[in-house]
Amino acid sequence: MPDATTGVAGPPLLEVDDVTMQFGGVTALDHISFEVRRGEILGLIGPNGAGKTTCFNVMTGVFQPTSGEVRLNGQKLVSRSRHQITRLGIARTFQNIRLFPEMTALENVQVGGDARHRTSVPGALLRLPRHRREERDGRTQAFELLDFMGIPHAANSLARNLPYGDQRRLEIARALATGPELLCLDEPAAGFNPAEKEELLALIRRIRDRGQTVLLIEHDMRLVMGVTDRIVVLEFGRKIADAAPAAVRADPKVVAAYLGVPEDAA
Amino acid sequence: ACSNNGNGTTTASGKCDSKIAFFGALTGPNANLGINIYNGAKLAVDQYNAKNSNCKVTLVQKDSQGDEKQAPALAQNLVQDPKVVGVVGPAFSGESEAADGILEQGNLPLITASATNPTLAQKGWKVFHRMLGNDASQGPAAASYIKDTVKAKKVFVIDDTTAYGKGLADQVKKSLGGMVGGTDTVQPKQTDFQATVAKVKASKADAIFYGGYYAEAGPFVKQLRAANVNAKFVSDDGVKDPGFVAGAGKASAEGSVVTCPCIPGDEAKGTFFADYKKKFGKEPGTYGPEAFDSANVFLDGIKAGKTSRAAMLSFVNSYDKDGVTKHIKFDKNGEIAKSEIVIWSYQIKGGEIVKDTEIKATS
Amino acid sequence: MLLELQDLVVSYGRIEALHGISLGIEQGEIVALIGANGAGKTTTMRAISGLRAAHRGKIFLEGRDITRMRADRRVVQGISQAPEGRGIFPGMTVMENLDLGCYTRRDAAMIAEDRERVFTLFPRLAERRKQLGGTMSGGEQQMLTIGRALMARPKILLLDEPSMGLAPMLIQQIFAIIKEINGQGTTVLLVEQNAQQALSLAHRAYVLETGSIVRSGTGEELLADPAVQEAYLGVA
Amino acid sequence: MSTGGDAPRRSAGGRFVDGLRTVDERRVAGLAGIRSRWRALPLVVRIAALAAVAVFFYLLPNLAIPLIPTPDTNFASVLFTVAVYVLVAVGLNVVIGLAGLLDLGYIGFFAVGAYSVAIFGSPASPLATKYPWLMLIPIAIAVSMVSGVILGGPTLRLRGDYLAIVTLGFGEIVRLIAVNWSITNGQIGIPNVPAPPGKFPDGSPLFGVIDTRPFYWLALTVVLICMFGVKLLENSRVGRSWLAIREDEDAAELMGVPSFKFKLWAFAIGAGLGGLSGALFASRQGFINSNSFDVLTSVLFVAAVVLGGAGNLAGVTLGAVLISYLPERFRGAAEYRFLFFGLALIAIMIFRPQGLIPSRRRAVELADRKREAEEEVTAGA
Amino acid sequence: MNFEFLFANIGDLTVTGLSQGAIYALIALGYTLVYGLLKLINFAHSEVFMMGTFGALFAWQLVGLHENNPIPSVPMMIVYLLVGLVGAAVWSGVTALAVEFVAYRPLRRRNAPRLVFLITAIGASLAISEAVGIATGRQQFGMPDLFKTTTLVTIGDAHITNLDLGVIVAAIVMMVVLDQFINRTRLGRGIRAVAQDSDTAALMGINKNRVIVLTFVLGGVMAGAAALLYNLKIGVTRADIGFLLGIKAFTAAVLGGIGNLRGALLGGLALGLVENYGSALFGTSWRDVVAFAVLVIILMFRPTGLLGESLGKARA
């Protein structure tokens, strides 16, 4: 199995260690291991049903893997609760958008920001100074993130009424608000047209430039090849490649399993 | 109507606007019992108004549905209306527990024509009066009926957990002593008694005493007979109503016995029986005569110019006169004299409740 | 004209999503509808299939006015839609989902044949006959949606972003399939973000911009149109 | 962990606040003109207006307004009942309206509060203590909150309607324990529940049976304080977390919301307020038995919240007022009042499915949806 | 705790528990059907059932069978049973439809939130039971006896009466038929499709409103059948009997896994047994406490009931 050979090497931020996930007879992940290094943009690709989303679900605590372990900064994640994992520094978006539809965009982002806040009922009832500070900072940060994602105009609209594309952006803003070290994006460009994909590509780079690590699932090869530093390829729950974009593109196994005709039209 | 008179105990201003109130169930599962009592009181008031057309008395009705939950609010209501100088009721013991304390705070005299729980007289309520014998008499009477007339060996005692049913069943148990071959409770509004029927069946008792009201007793007996339990069914004044036969069905109700510290309507003195029949087109039901007497005590008071509650209270306390059911005179707890207590037994025959014998009060 | 929209207006509450669009589709054509996010493509599809009411305007199928016809009746009349996103029945198996596709059909033998055809197109569905639709992966659900729409043997097939969420190889396949069923006589209305491919496949196409049709023409014409190239083909 | 916060961006954010105000205003104005105008008023004016409303409510039993007073029942007594229902609705709104947990057994907490006061306060109870009334109230709240946590702990994992039936079961269990337990004395009940302390100069009790206004004023005060507290929670991280959980619990968890903790808080706070209202109820009633705590009443509590507009304090208040006031107002038509009441519930909900005063967010959303739906109807769907 | 009584009578307790549970199960089917389809707790279903008890009574009165009539001959009994069944099913079915048209359909048109349906359901329930209460003077009505209850077989110490056997068999047969209908027929598949996603179902050519009406009628007919059995077993009815029984049946539905037809049967029978054993063990007054406590415990370990959901959405 080709090992990663790319330049942007940092210490491993996230390690997926020999993870297996079975659903009844279906083995969605079959002894998968890979790592995400601090500061990189890692692509996760593979045919439909290869296990990419399942991999996210295991990392973020949605599923308990049948076996194996996931570590963030060396800390074990398996069997931790989901909100704890988020607070440890992983945030994600969803393949099928899952915003809080009846809350405004601003509130959606604020909820994300609250992951880093401590005060609870007593603080809110007594309006303790700490609570006031957190509220103020959370609000400011939420506005900043909406701005950063290019949807400041949406702040006071209910999420459900936003156009599809803005909803995808809002999801990313909300995930960023939790202050993650690792941001996991599940097909963020689905349903985007080429121009919008172009914007998204720039945006992902900017997120990385803010110091955050990005793990990206995407079927659009132009986007993946354009933005990632390294790519892990899954097929039938197994890892079939783990290399720099150029190497992956040329890998015959990947071509056969996933890309089809080398020159795709994306 | 919304002015708040801070002091309800003061005398009402006008002379001819006094009210007395009926307090009890006019609707709800055991409404028949309340309606009988209301009718008795109504007859008294109408007769009074016919004779005193220049100074009529209003009969206020407070329908509690026999539900303790509703009672406190209704009692407060009565207390807040200074024109009300006397209450006939509350009809049931349970609602009495809930309401009488409030009437007491309002110093509003009450005469119940039916609430039979003995402890009601022992709570130090000055306003409390009872026109009939209590369950400390009825319980032993029922027990002796079971022993002497039914000649049962083993009795299964059931109550409905109300102040009345439980209180009475406890008295019966005490009197039966070792003959009690099992006990169980049912809940008001229950319709499915399979579990209790199973217990009765397993106990092989030859008589059942049921303390409670007719709404539950009817279907209970029906299910009992359907399960081929043929023990003699003995119950109380709460079951002495055609509603029992309706609930149980003629066949199942047949032969059941109920006791009651009330006189049969046709045993009442004077023209009561005829008057009642004429006015309502049917014979007086359970406690009609007692209610008639209770209302008349207050009406006599009003006639005598007792239009404040305090005056009415002392009037009632010193009342000493014959009514249609008995000689009326209350002791310091508000009970009538021992010698005036009667307990009757009644039988269900061919779907009718017919009077059986007068049981001698033993306690 | 198999299907015709006349001056169609559709709104969501106070938001008017389509401002009076007119378009026509001839028997046997593949017509593509392209446009940016929120342009109103899905809304157009839903209006045709009857899931959204027309505020104003008319819809004709084979010359008959179906504007006020219920959605389920339109299926019987030969309109079948593969909805955008997750339009599968999550609690039913793959097999049951497919069977619902031919709810209005009664020709058992043909149905069996069509089912086999779908399984040949998407072997993954055949493997997972008994799996619940809701547990399939995103791309697998997309296959199921398309397969199910095919099961209806419609006169006109509405495909809303069929390539969304599919792996590159499968996208090629999907476009091949569209071509094939069109060859067998099914008319197709295709909504796609993947404008390049959609336009090369389509006989004719319309460009939708914020609720209005701004351009139309044959596939080649639009492919060659510089404005279209810039806005939708990512040719900078 | 850097999410930025450097100077240029902040100013950008600040500019947006201004820009947004206009957007917001336009959006709201289309639907709820009064609401937006209200929010546009200066804070002082708003406080003054609220104070005036409060004063009005304090004076209500003394005002001779036509039609409003109840002909068959003492008005102040009805007002007290109304206030208790409002308190119930405020508490239940935290659970249902904010956190989205369908609690059909809220009466259970109401009962726990009521029985706490009765059991520890009534001389007729075997567990009577010498604690004064003012001590009994915090005890009642505490016991209710603990019961909320006891119920919530094991069951908050359950989804929507499973939780609903479990809470309903809880409410019934509380009632049935009251029926069967010797201390609570079943149907027979507990008399002489203590009332708040205080005497008129003439020695008659301040909180007596004849003049019920002091009770009403007390309840009103409690209601206002609790509303204020709930409002503080709503406009904070806590309220936001509740909403997020209501919208999509899984997503909320994945965004770092400890959903169990906040649901438990919602339950405990709701239970505490329920217990407090029960305690007030018992003190005023002077007598309680198991009948007062039946499922139907519990269901009516829910009706109050939804009828008025779940999630909105003014809404649930109005709902509670209607639920408790209407049957009293029409006590004259005793036979028919619950029939009419049932029909009224249907009619109101059909004409205002979003509740009488919907919460802001729902108002917008529902107006949209309603129009959509109407269009679908015209299309013959 | 009275173990002695429990074990001495375990057979009889089992039989009565099952026949009790069978009635719960039939009512629970109605809850589960509507819940599965519309995700709606049809609170008014208890009243649909209550109307059924009166429906049977009226039908009998119409053909001249009154409470105190003598027990009829076997052929007449069968006729009367059928008459009662038709009367109950028609009244229940009509009530169910009325509730759908008056209380639910207008809300669906307006896309009202789910909770609102619950409130109109409560309103409908209150209105129906009050209307019947007023019409009947809140009186209790006794049922005629159609046959004499006799013990058919005795297994160990369990006396199985004709009534108990009939009730249990009827419930099982109806559940099986309904289950086959939902899972095997095209119409049943339509019902399930609407249950999961009504928009997409329309795209399959399914008429949503027809499916909903059909479901309410089915639930109503089941409730009618339950009402007939209830009349035979309990022997009286009243305007307010629906409420408690409705809650029990809903509990049974949840216990089995709401939305799951087989779960409704299982939940109903289980609830009947638990109640009977529980009341033998702890006293009859603790019966409902035991029932609800068991419900809570089971849900703690199986959060979606014994059999989980199936008519509605599985985890998406």
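The first chain written gets the first letter, and so on, giving A, B, C, D and E; residue counts start at 1 in each chain.
Definition applied: a residue touches a chain if its C-beta (ideal position, glycine included) is under 8 Å from a C-beta of that chain, and two chains touch if they have at least 3 such contacts.
For clarity, every value in this text was computed on a predicted model and none was experimentally measured.
Looking at chain B and chain D, the chains in contact with each of them are E.
Common neighbours of chain A and chain B, by the contact definition above: D.
With respect to chain A, maximal separation of chain centres occurs for B (centres as means of Cα atoms). On a Cα centroid basis, the chain most remote from chain D in this structure is C. Between the Cα centres of chain C and chain D there is a gap of 48 Å.
Work out the mean CA point of chain A and of chain D, and you get 40 Å between them. With centres set at the average Cα position, the gap from chain B to chain C is 77 Å.
Centre to centre, using the average C-alpha position, chain D and chain E are separated by 33 Å. Within chain A, residues 161 each touch two or more of the remaining chains. Among the residues of chain D, those touching two or more other chains are numbered 179, 335, 362, 368-369, 372, 376-377.
The set of chain C residues that touch two or more partner chains comprises 12, 15, 50, 70-71, 86, 135. Every residue of chain E that touches chain B in the complex is listed here, in rising order: 5, 8-9, 12-13, 16, 20, 67-68, 137-143, 145, 149, 163, 234-238, 240-241, 244, 275-276, 279-280, 283-285, 287. On the chain D side of its complex with chain A, the touching residues are 1-5, 9-10, 12-14, 16-17, 19-20, 23-24, 27, 229, 232-233, 236-241, 243-244, 247-248, 250-259, 261-262, 265, 269, 361-362, 364-365, 368. Every residue of chain C that touches chain A in the complex is listed here, in rising order: 12, 15, 36-38, 85-86, 124, 128, 131, 135-140, 142-143, 161, 164-172, 193-197, 231-234.
Touching chain E in their complex are the following residues of chain B: 27-29, 31, 161, 184-187, 189, 191-192, 194-196, 198-199, 202, 215, 218-219, 222-223, 226-228, 243, 246-251, 351. Residues 1-8, 27, 63, 67-69, 71-73, 75-77, 79-80, 94, 97-98, 101-102, 105-106, 160-163, 166, 187-188 of chain B are the ones that touch chain D when the two sit in their complex.
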